[in-house]
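The same chain A turns up in both complexes below, where it pairs with chain B and then with chain C.
For the complex of A and B:
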């Protein structure tokens, strides 16, 4: 039965990936805008040079990209290349493949956004759990409103403030980029330390900006759970408050937080666009921003596709993790 | 009579709400004897559950236990629940006085196995117990409430409502407490399961020799199960009698009206309601709290709170119709209007 559950989840993942690929195939082809023509038009605008045989150049590019073939054939070939992990060629960094472009940026994003998402989740959940617990001291409960104010400020505004005060005025931390110019990218200690120092400010703007939401979510759930009969009965049993706090209160209140965590993981690619841009951080967000400015459809769709896949994969992880957290799901479905 | 296992005296609990102070339990005196089953009845909001929770020291803000004592145990070994420090109070819960909750459907932690929830209760009181000992004790307890030992490894969602209630009882008797408070333990169950669960409670109670306080509205159930019945009204105990006396010859006018409101075989279809509504605890009537609804109200009832009267057979009644020894006073509406027969 458990094997069936896992199998069903995997099939669902494949279905989501297929749907995403199909939608991404159809959208540009339904649009009247021809990316190749757009590219040459942009070139003409910026250089003032318009090739005389523009139409034949466009036609030859369409031939190259296979855009002259009938739609069903294009679809089959497109699906074949997606299966092989080929998302096409970037227009702005021609002839670099989209996957290579994404591959260079992805580790940075996963490093920054992945770590901050986990940290935000942990900090916010702990604060929220304590804030919703009746026996907590007043100052803990008082932490949620200031965090909510921070959460109401967009992370890029927070980022600007941090850059200005900590980076520019106090000169405590570097203001941008992911590592100092001139260092070679390797796994040496100085380089790693350099990367960490560069990551502190962007990480702080992301953490401060969203920890309030996690705290609020956990507190809301916690307030409900602490009034549950089983928490009361645990007190009637004479259990120590610490035991009740973790095993009866947190363990039940955390369940919706885990779902949110998976969704947040899926969203890390788009979550960092503005902050990455602000700090000149070489992640997926910056790449996406550049691709949008350059009308680089293939990169935009490629990033869109891996975003969908990321969400689907994190949902799969949650589906596989959830039964361990909540026994009601384990045997729930046939 | 056997020795007392619970002596409650002058228990007062107040809730400090925004709209004022409410005396949810107001000067309750009560003695519970070993092996006894005491029923506690009254309208919703009359303070039954609050009284039970205050005995467990489970009153939470804005509620506060103002005064009183609740001595659990016999003369040789007793504690006052209301005067223990935090640590001692946690130890006393479950081991001396156990509570079987009202909402058994939700009283078990959905993410923990039944066994784990039983073992953590044992471990909180007997820290040195080994896992094998705890498991044996928990499984034996499950067996004594007629559940299979295998329930130990199950999760709450795999059990029916009646089984969950039995698990709660099994947890309640894990440490053989002297007093068990069962707060409407069967209100969410159908009558068949209700009866089975009540029989289980009685059986394990006799086995471990505990006294039971059974809280509820179901007078039929009280009549079958309990030895004595206490009637509460607006935070006060108004009468405490043996079950036979309560049902055949109630003394307090509220108890009389309550018994008269029950359907019986002789006069089918004729129900006698109690006029008026229970008062708001925020705005209690002066004097005797029942006087606005009382058929026998006299002038004195409007001004003076009645004192406790104790009859020779040990009944308590709080009413101006009776003298210190519970004898009906001459010249009261009760003695005059005997013919009306409530």
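For the complex of A and C:
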């Protein structure tokens, strides 16, 4: 039964979301750091202003955020607000709700990471497939080891090198932000072109940093498949190499790649967060960086929760698409 | 490595065999050479130089370009970058090795218990690792490091502890999967029939067969821990007082070393980071070849 499988996957998704929410509830309560006190301490440090009745102000904020109630009651109320999609208010952009802050940043991140992930997966898989194919020219096969070493280097470091050489030295591309100052945000051609030129460097750091991973996986799988009987049979039958390449070789080798894709989302988000911070790209990575500096715990938790949900949903989508790629898999049927 | 090599009586010595194998397994050889170079550089360097003083602020004149008295230059806060590199490679490596060790020990225990005995415990382990796979590791560590730990009191040891929190997930999965495939094999049944106890089977029969996997998993975790600690450091959650490689990059970026033409401040730690990651990844690919005979090249 396909339906049973889909149901089970959805239950798992809900379980993951519940676990994430619970962990995010427990972590701050395990900490001795009081976010509100931290906030006032930071205020006192930067402006020299320290209210006389600090303790009662903190107490009133705790009342406002419900921190004075017993833990189980706090938990129930917290879960209720998460279910309603309420992640609290930001401390650094008070009184902006966390969801609004994330909502502004999220499209940028989805755009950057979505495009780079698709490109990386396609480029890497094609290079890997060609590198594992015996008839490919030598230079294609020689591409995998350097790409593999690139893949070992954090995209953040590749980003530093790209900023320095391409952005700073050669001045070919803008070094940061997502669009030129002074442009109005709309869907006009100049604005879109401007956004694309700004996105090239961050995208390149992410792509260069992970193409090797996909190439290596595809090549490994491809080499294994070449020894299979059905490939030998196809060759002896006299099928054209092109046909064997696409329908016998790539078609089968790509399946484990798709499985890896589902598992890679967590790493993609982690790398994206760092690269965004480096380039000042206005996505959730930069928001997270600012929130860490400002001790804005509610934004940190909100972003944590959103990324977990995003990864879990992406994994679910890949899982549900998988049977379309592999007709042998009919979930649940024995 | 020695596992993969069967030395025969009267044949070439163990050392020749290892050298011969390394000549064939180039990634392993190159990776090991870089790691040995880094070890000699950092351990030898600490013996020659007083890195305990020179790698910290206000030790030397600030912002000296490379050459003369300071071969690698100095940074804005007056650290000698040669000393910083020597100590940084050591500290960064220490974070990785500590977290990797915790990861592999916990992973082996959990993986064996889950895989060998099965039951409810196995189910719990499987679920927890599956859920943790869904949660982006760096984000979880950011939340933990950003809230539980006091940002100004982070030490190298704290970094190792924080990165250890997730270092066991990978090894647990690898060990569990290996134990599951191995425990049905004939040599385990024979060991059981010959009256060996469970513990004896685990330590005498299963462990030696899994050694290449365990070593590869350890290297992967060391790499993962260094990667994670670098991520935390880049975001300003690292040990602010210690000259790890990641912190050095963080300070260089923080003070816009690049746009101020202080290229040496950023160049050396980037080179060190690239060498660390490239060597570990090469070793990992090489070990994969040892552990997985399917991709092993013939002599």
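Note that the second predicted complex is superposed on the first by the 321 of 334 C-alpha atoms of A that agree within 3 Å, B and C clash if a C-alpha of one lies under 4 Å from a C-alpha of the other, contacts with A are read in each partner's own complex, and residues count from 1 in each chain.
Following the convention adopted for this analysis, a contact is a pair of C-beta atoms (placed from the backbone, for glycine too) under 8 Å apart; a residue touches a chain by one contact, two chains touch by 3 or more.
Here the structure is a predicted model, which is why all the values come from computation and not from measurement.
Model built by superposing both complexes on chain A: chain B and chain C fit together without a clash.
In the superposed pair of complexes, A:232 makes contact with chain B only, with no contact to chain C.
Applying the stated contact rule after C-alpha superposition, one finds that A:142 touches neither chain B nor chain C.
In the superposed model, chain B and chain C sit 70 degrees apart as seen from the Cα centre of chain A, a figure rounded to the nearest 10. When the shared chain is aligned, chain B comes close enough to touch A:328, but chain C does not. When the two complexes are overlaid on their common chain A, residue A:263 makes contact with chain C while staying clear of chain B.
Residue contacts after overlaying the shared chain place A:107 against neither chain B nor chain C. With both structures placed on the common chain, the touch criterion links A:248 to chain B but leaves chain C unconnected. When both complexes are overlaid on chain A, the residue A:160 reaches chain C alone and has no touch with chain B. By the touch criterion stated above, A:190 is placed in contact with neither chain B nor chain C.
Of the two partners, chain B and chain C, it is C that touches more residues of chain A. Of all Cα pairs linking chain B with chain C in the superposition, the shortest spans 6 Å. Common to the chain B-facing and chain C-facing surfaces of chain A is no residue whatsoever.
Those residues of chain B that touch chain A in the shared complex are 56, 58, 60, 90-95, 98-99, 101-103, 105-113, 120-121, 124-125, 155, 157-158, 168, 171. The touching residues of chain C, counted against chain A in their complex, run 27, 130-131, 133-140, 142-144, 146-148, 150, 223, 227, 230-231, 234-237, 249, 253, 258-259, 263, 266, 270, 273-274, 277-278, 280-282, 285, 294-295.
Of all the residues in chain A, the ones that touch chain C in their complex are 12, 15-16, 19-20, 23-24, 27-28, 30-31, 33, 35, 145, 148-149, 151-154, 156-157, 160-161, 163-164, 168, 220, 223-224, 263, 265-267, 269-270, 273-274, 277-278, 288-289, 292-293, 297, 300-301, 303-304, 307-308, 311-312, 315.
If you check the complex, the residues on chain A that touch chain B are 134, 228-230, 232-240, 243, 247-248, 251-252, 325-328, 331.
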